[in-house]
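Below you'll find a set of structures to go through.
Okay, so chain A shows up in both of these, paired with chain B first and chain C after.
Showing the complex of A and B:
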């Protein structure tokens, strides 16, 4: 087990290295650079000034030298300073992480709370009104774009009914009540969409499992139907559901750029989105790298939890 | 027939099971009647698809409805009809009075719970044992069915056992709450040939030791010869022959049974070649009219194509459903 974890972590090194190269060259290939922005704002297009500035920012050096320097500092947590706020990029990004984690975790929990019971009941009561309702609703959830659903929610609950604030964020540790009000709409938007997928998945994997013989075995020794379904069958059916939910969580932790923008949610996704608009390249580079790291590490965690769910999985 | 005498544990009376499928209706079990005496081992023999397993599931009331339906018949267990019982009454029966050993232990045991979890859940539900008591009883059960060092295997998962050991676990689970009646549905079919005999001995030995009755379902007449007292031969949802094992082996009355007996390999060299039954099992969605076996029967007559033969007593306790015997009677 420990050897497996060590090896998996070791595998992360080349993955992250490739990721950093991609991120660096990607931003490098974008048209324009810092100098354009700086020179542009100061209304001065003197080539001499450009040269001086390029030297100052190290842009006169070849790409691989700059990459090596960037990487060396990035490994130490130093991604340079934001061009807009002049504060360290690492600080800017770290500020966005709690809000993103908050939204992602609540959204996925909400999704699981809806999807697992609903998918299970839909499977048990197959081809009844409950099943059709669950299926049609989740089909709608998958089909409509997330941002559109979010905007509809804002229109209805904030502007029309006036129940909830349309956007914003409050620290749950400082003002839990206000924080909850801000959270409801974005979390519902995230949860509804993810639940649409997981409900269908839970339903179909429950249907699969319910046809297996161990279900009849459990019945044949006199266990109650509730126990047979919710303990013996669901535990098996949850294996794919948990895996997919973990991947969904990894994606959400990577920032729900669109939702965070709609709801003015101060997360990492919105930070990167704004950095792109403002051509704050150090922040973009660092942000994308951090997202990549989050996804890769989440995948590792999912693989490790897999063993808890499915004893047939051996770490070798 | 099949009015229950006190010594009868299980009596099926005209049991009919039908499935409503998208392609049409399928009658998997058609008018099956037989009785099992206390302490007896009854062998139900037939090819795959003949309705043996559906009969077993009907007795456990495990036929899913829909698509399954039991339009006719009674299943009398200890004198009362299982089909009239409420779900709660049925749960009280399962495990404590009737239990079942399934064909494929790998899929019949739950892959994500340990052996101890599964068996002790039955014990705690049915016998109200505490967690510790149940655990102790599981150890006893595992050693009873011959699993070496049961203390160490208690918290193993099914996939960590070999095929034969899995079937032992399955048997331990079925026997856990001291049922008086056991259904074994092809318990040796999925096992290595070398293990089959051991498991068969184990099951019959346990039945004898615990004074249980057994419904043994198999496609293998050789196994029947070894294990059973009475035999029912099923073909295409009907019982075609019913009688004491010795009678059936010595004087088979139905051409299908005769065919089955000819296709058993023998070690004493009496027959150099096996004689298979020609043709294949009829399509159960569109069964032939009359006797279901007539397209494969060498003795088929006109009446066989029109009328379904009824089970008739040919010798005391020996019944067969074949028109050949009408001719003799007429």
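Showing the complex of A and C:
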């Protein structure tokens, strides 16, 4: 077990290296150099100033030296300053993390609340009207673009019925009621979409489990059908469902750019998107790197938990 | 029917002199394909939807006479009518026409991107899995690194670069094809590597090695044909996903710049008229939905047909 963990953590090193090289290359490949981006906004083209800045940013050194320096500082959490606000990039990014985590966690919980019962019923009542409805609905759910679904929700619940605000955010610790009202539409948009995937998965893993011999045994000793399903089958079938939901959560932390910008949700995805619009490239660079690291580490944790909970999986 | 019997029959079919020439043979092949498809209801519905979609893409210049770009302010924001089947947008352009031209571009980009991803990923995965050892380990760690980009982030970086370099028009589409294909590559590589590892142990590979075939010949000629069906399924489903990504990027205003007809950016532009003319926002969304659903249905059904073990569920 320990050897396995050590090896998996060691695998992270090349993965993170590839990630950091791609992110570093992105800024290197921008036209002109960073000095143009820096002084361009202020209309300052004094050659003296350029020289000083070039030295400060190490542009007189070869690319691998710059990469090494950048990486050393990044590992210590120093990503430089935002070109727009002039505040440290790390501070700007940290400010977005709580809102993103809030939305992702509520969205995934909602998704599981919908998907697990629906997928289970579809599997137990296989090839009935309920099953077909669940399958068709989830296929459509996968095919709907999330931004369109979000817009339709806004159109109906905000503009037509006027029940909910169309976008915005309130701190749940300061004003829980207002916060909830802002949360409902974005969380539904996240939740329904993820539920579409999870329902399909729950259904097929339930069917897998129900075909296993222990289910026949349980039935033959006279256990009630309800007990067979809820006490034994569902529990085993939940393992892949929970694993995938964890992966979805990890991906949502970095993947809600579109929804965050539709609902003006002050998360890290919107921060990166706005940084792109404002050409604030240090923030974009750091944001993508941080989200990538979060996703990679979360994936590792999920994998380890999965193996801990499921001793049948070998630590090969 | 076992695999060997099927192979023999196929061989006989090839050797038999053609009856009624090439056209008849094509008709027979199509008939066979349709017969297979009929086994899965989802696949046949998806196939019909796809035929309609591709038909509309190919026939676009013949089924509409409007210009998708030319503005006509006298006819702006009109409801659907005989003259304009789906009405007109904020610049008086025929929405039906814009959907057709936009779809044409979108489907072409998606097809090219997925093909590009396959052509990078298959050799990568097959060779990595076939050679194994250190080569395999290094190659797969690189793939893991590429898979670490969550959601849209990788595309955002590429699209931003394209914007900064002022890449426009066809070149911009080419950049999209490159980015989307490159992002599909890791998945293809993993899948084909996995299949190669499974196939490598089988007897037919041993046999060709004993006959003295080179490694490369075995990898490409013997193993590749046997791992193709999961890849086809994966690529079909990916086509739908790729279309969602292109639409999302242009919805954010980072994809294709106007006035090029594009479902995502047309949808974004329609947001301003949501209260007065909600239908304008409905049509591009429905078009995306239809297209992605068609690919998903087809892919799902194809999986059931090609992997009968799953269909029995």
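As a working rule, the second predicted complex is superposed on the first by the 273 of 316 C-alpha atoms of A that agree within 3 Å, B and C clash if a C-alpha of one lies under 4 Å from a C-alpha of the other, contacts with A are read in each partner's own complex, and residues count from 1 in each chain.
The criterion applied here is as follows: contacts are C-beta pairs under 8 Å (C-beta built on N, C-alpha and C of every residue); 3 or more make two chains touch, one makes a residue touch a chain.
Model, not experiment: these values are computed from the prediction.
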Exercise. Aligned on chain A, chain B and chain C: do they clash or fit?
Worked result: fit
Exercise. Touching A:60, do we find chain B (first), chain C (second), both, or neither?
Worked result: neither
Exercise. Now for A:276: first (chain B), second (chain C), both, or neither, which partner does it touch?
Worked result: second
Exercise. Taking the superposition as given, does A:224 touch the first partner, chain B, the second, chain C, both, or neither?
Worked result: first
Problem set entry | More chain A residues in contact - chain B or chain C | C
For this session: Quick one: classify A:310 as touching chain B (first), chain C (second), both or neither.
Result: first
For this session: Please work out whether A:296 is in contact with chain B alone, chain C alone, both, or neither, and reply first, second, both or neither.
Result: second
Seminar exercise, completed: Rounded to whole Å, the nearest C-alpha atoms of chain B and chain C in the superposition sit apart by 11
Seminar exercise, completed: Contacts of chain A common to chain B and chain C in the A-superposed view none
Problem set entry | Residues on chain B engaged by chain A in the complex (per definition of touch) | 57, 60, 62, 87, 91-96, 99-100, 102, 104, 107-113, 118, 121-122, 125-126, 157, 159, 170, 173-174, 176-177
For this session: Report the residues of chain C in contact with chain A in the complex, numbered from low to high.
Result: 141-142, 144-146, 148-154, 156-157, 160-161, 164-165, 240, 244, 247-248, 251-252, 254, 267, 271, 274-275, 278, 281, 285, 288-289, 292-293, 296-297, 300, 313
Exercise. In their complex, what parts of chain A are in touch with chain B?
Worked result: 212-214, 216-225, 227, 232, 235-236, 239, 309-312
Seminar exercise, completed: Note: in the complex, chain A contacts chain C through residues 11, 14-19, 22-23, 26, 29-31, 139-140, 142-148, 151-152, 154-155, 159, 204, 207-208, 211, 250-258, 261, 272-273, 276, 284, 288, 291-292, 295-296
